[in-house]
Amino acid sequence: MMKKIINQPDQVLADMLKGYKLVHDDVFYLEETHVITRSHFTSKKVGIISGGGSGHEPAHAGFVGEGMLDAAVCGHVFTSPTPDQVLSAIQVADQGAGVFLVIKNYSGDCMNFDMAKELAELEGIPVDFVIVNDDVAVFDSSYTEGRRGVAGTILVHKIVGAAAENGASLEEIKKLAESVVAHLASVGVAIKPSIVPEVGKPGFELEEDEMEFGIGIHGEPGYSREKIKPSREIAEELIHKIEVETKWTTDQTLAVLINGMGATPLMEQYIFAHDCLTILQEKGYTVQFKKVGNYMTAIDMAGVSLTLLQLEDEKWLDYLTQSTLAPAW
Amino acid sequence: MMKKIINQPDQVLADMLKGYKLVHDDVFYLEETHVITRSHFTSKKVGIISGGGSGHEPAHAGFVGEGMLDAAVCGHVFTSPTPDQVLSAIQVADQGAGVFLVIKNYSGDCMNFDMAKELAELEGIPVDFVIVNDDVAVFDSSYTEGRRGVAGTILVHKIVGAAAENGASLEEIKKLAESVVAHLASVGVAIKPSIVPEVGKPGFELEEDEMEFGIGIHGEPGYSREKIKPSREIAEELIHKIEVETKWTTDQTLAVLINGMGATPLMEQYIFAHDCLTILQEKGYTVQFKKVGNYMTAIDMAGVSLTLLQLEDEKWLDYLTQSTLAPAW
Amino acid sequence: MIVTKDLTHKWFTLFAEKVIQEKEQLSEYDRIIGDGDHGMNMARGAQQLITLWQAVPPVHLSDVFKQAAMKWISGVGGASGPLYGTAFLEMAKAVGAKEELSNDELVTAVKAGFEGIKKRGKSDIGQKTMLDLWAPAVQDLEKDELTMATLQTALTKTNELKATKGRASFLGDRSINEVDPGAASSKLFFEALIEAGEFGGN
Amino acid sequence: MIVTKDLTHKWFTLFAEKVIQEKEQLSEYDRIIGDGDHGMNMARGAQQLITLWQAVPPVHLSDVFKQAAMKWISGVGGASGPLYGTAFLEMAKAVGAKEELSNDELVTAVKAGFEGIKKRGKSDIGQKTMLDLWAPAVQDLEKDELTMATLQTALTKTNELKATKGRASFLGDRSINEVDPGAASSKLFFEALIEAGEFGGN
């Protein structure tokens, strides 16, 4: 049975966002379209928008704030928002310098955001976008939808958000975002599945002693199901997977994001962080930025993901460390 | 069976704190005594120390930083640290103006911190303390240990931390802390029990459709076990419980902390926050400060707690909103 | 079969009703090879369409397609919202100002819908999606052979495919012998057409 | 019974060994009416004491008590660390520089330990704590009647109490008929004394 602290399962989106608005005084909530925006915009700045299905809290509303997003478009749980929803965010976020969309690579998100872009352009708002596809668990070929967008998206928000705040143009942001995405890799592991409130049962089943490598943030299947392993071995496997898929050499300078999937206690996240950072150090990588916590969750999934970003450009580290008012960063 | 991302169950404390140190460059980790301290202290400030058993992450290490704690003493999971551990934190945190201990009301914590205080005083360090006992779920009488210290402790950290940063004396801080504790009330609810890594099985059992009101942060029993209810009814019950126990009138100005117990997704926390804040508003309370998230957890317990603080003194709100570098605030 | 506004209205109403009725089943198919929301998504669009038409029924033939398109595009989300929405919009465009369709004109409209899905989804038949239900349905409609039985055959054949588009593609071989939720909802769409046609005159 | 350093060393060694052996059981008692860590806590102190004595055995009689006190105070934590630690420290103080204890002197030392627990814990008998094992044990020791059987009786009586101190107090009536973990570990402490006494001369 599903055990959750909610009211009506089909009302979780609105109830949650109304709660978000009540807690955070410095945002607006467009109830009609489930969009959370800043209450004060930086004038003439490129508007940065992200969004997608809900269930990934604090993504994306928690990253709305000076220095990160201008608006977050919130779809129903695990369901891409509609073009109308995205359009309403674009209209609000446009401060005269155009709007940039950070889209995670799911067919629904791509189609809906693309339609919104077309509609916005009809209204004369310049719109560009990046498609984040950092999940190296997925074999990237013409036989699949391609790599999924997962926790690395948060680093994209931060970097383009800071760049926009510093006055970068839409064109510059597009270039920056594409370069960041090209140097970004993530992979996750689940030990317990998540339950979508309206569905009421787990999206997949795992035995009492099983874990799954490469799981997606909507419970999409991973690349290998195994007996549960110690944290150190999990860390080794995830780092190995990223190395195999990216073919990076160990002389890289990295930013590291360790992300909890929603029901994983911080205790485990820090233990896992210890293993990841120790292994990366042993291998010779230089880690210049580290972050641990729940950033891109899958409702109540238990598990973690590891995101590595090659810090190709020195400015990226500045953007990552620049201050922001977004409550969830 | 226990499913956790850990290595050796008896090494979780050290592994976690080593991870914490690797992630956060601006702290020291005293490995011998499992103490996390700031790497830079504000000179001549009263040192603020908190601690207790581990398993409540981000409490308490996550609150070490300018504007909050100077040091956190970390016991084994759900086990009070020893006097030696506390003493080593006192020695480091003392900057010449004495040290203040924030203790949660558990017999183990009270005894061990008290012994440490005696030892520190022998060394000439002035030490004072407050015992936080905000959990109104417990009948406060001579027949029990008295009310437990739970999530409200975080608000005490913030307020005394800010006051200390602003130059308050040990005596002033003692008075402030006692007044805050006298105006503080919390109560929690669990829908799933937690598992101590070294124990390997749940501290208590709940049926598939049961919840328990008034649960403690170590799984101590609550005051009522019932069929799971909608968020709104849970919010009503917790607010009602606090009202009954504190006898507050509804013309109060409040600070509100909604705390996740570790495995509760933010989605549920914000839904619950919506219900709590709406009910408080309907009743006529004025809410001037609100915070939602995982602050005082019980490892992987699922559930939430509600903390209300009467803002008796205007300065308290300033202290709550004053900036801090503590990563978990 | 002459396709009137009334028949079309009935077709889409029946479709919407079927979707709402089969909501749980569609989501269950999606839970197995996707993310479990297809029934909820489709039912959202269906409910909005029914509510609209209870207040203001469609006036012109093309209104049926256009209004269904708008509800799916702006009320559904996910992959199915833009895909069905685009299909209905392309059908509306193909119908234009006509108030009656011959069988051939109906086929042309449905084909336009099919092409719309392909374009919007950057997809094609054989990838275990709704397209694998639409393609044989269009063919059968052309030959005036569309029946409940041929629809079932089309769905069964789709089940045997391996998914290479949409969320189910992540399952790879494990998607074989599972029902594609979008194909299942598309089957309801064409079943509704058959039912509407029988009652609405032939 | 003349209590020598060797007998005392044996007593505390046996106690430490018993604690380590019963670790799981003590934690299980604590899981039911506390927080599940009593066995782990006690075993931490016990292991440290054994390790110390393997390297450097105690020289004087009072060393046994003092060193056990230090290990419990600085190595255990929780409620049991300061309580046992204080008991052992008070026993060391009562023993002073003596190298042998008569039965009366032993009783005086154990009583001092008992008073130490009461003071440190701000507690008394009848609250379902380790004190409810220590009190009858002291009495039996005084009358030279301390046996495995009387210890068992004391534990059984403790089980029947309702806890009003420590974590178990939160359970209220539900603590009745459960074993208090601290009383269970205290039983091991006095069992170890009996065993050490029998072997070490009487």
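Per-chain numbering from 1; labels A, B, C and D assigned in written order.
Heads up, the rule we're going with is that contacts are C-beta pairs under 8 Å (C-beta built on N, C-alpha and C of every residue); 3 or more make two chains touch, one makes a residue touch a chain.
Values in this document were obtained by computation on a predicted structure and should not be read as measured data.
Visitor: Which chains lie in contact with each of chain C and chain D?
Guide: The shared contacts of chain C and chain D amount to nothing, since no chain touches both.
Visitor: For chain A and chain B, what's the span in angstrom between their mean Cα positions?
Guide: 29
Visitor: Whole-Å distance, chain A centre to chain D centre, using C-alpha means?
Guide: Roughly 54 Å, centre to centre.
Visitor: When the centre of a chain is set as the mean of its C-alpha atoms, what distance in Å lies between chain A and chain C?
Guide: Whole-Å distance between the two chain centres: 32.
Visitor: Which chain C residues touch at least two other chains?
Guide: In chain C, no residue touches at least two other chains, as defined above.
Visitor: So which chains end up touching which?
Guide: Pairs satisfying the touch definition: A-B, A-C, B-D.
Visitor: For the complex, give me every residue of chain B touching chain D.
Guide: Residues 10, 53, 75-85, 106-108, 111-112, 115, 138, 142-145, 148, 196, 198-199, 201, 203, 216, 218-221.
Visitor: Per the contact definition, I'd like the list of chain D residues that touch chain B in the complex.
Guide: Its residues touching chain B are 27, 31, 35-37, 40-41, 44, 73-83, 120-121, 164-167, 169-172, 174.
Visitor: Across the complex, what residues on chain A touch chain B?
Guide: Residues 1, 3-7, 12, 15-20, 22-23, 54-55, 57-58, 62, 189, 191-192, 208-209, 211, 228, 230-232, 234, 258, 262-275, 277-278, 290-292, 294, 297, 299-300, 302-304.
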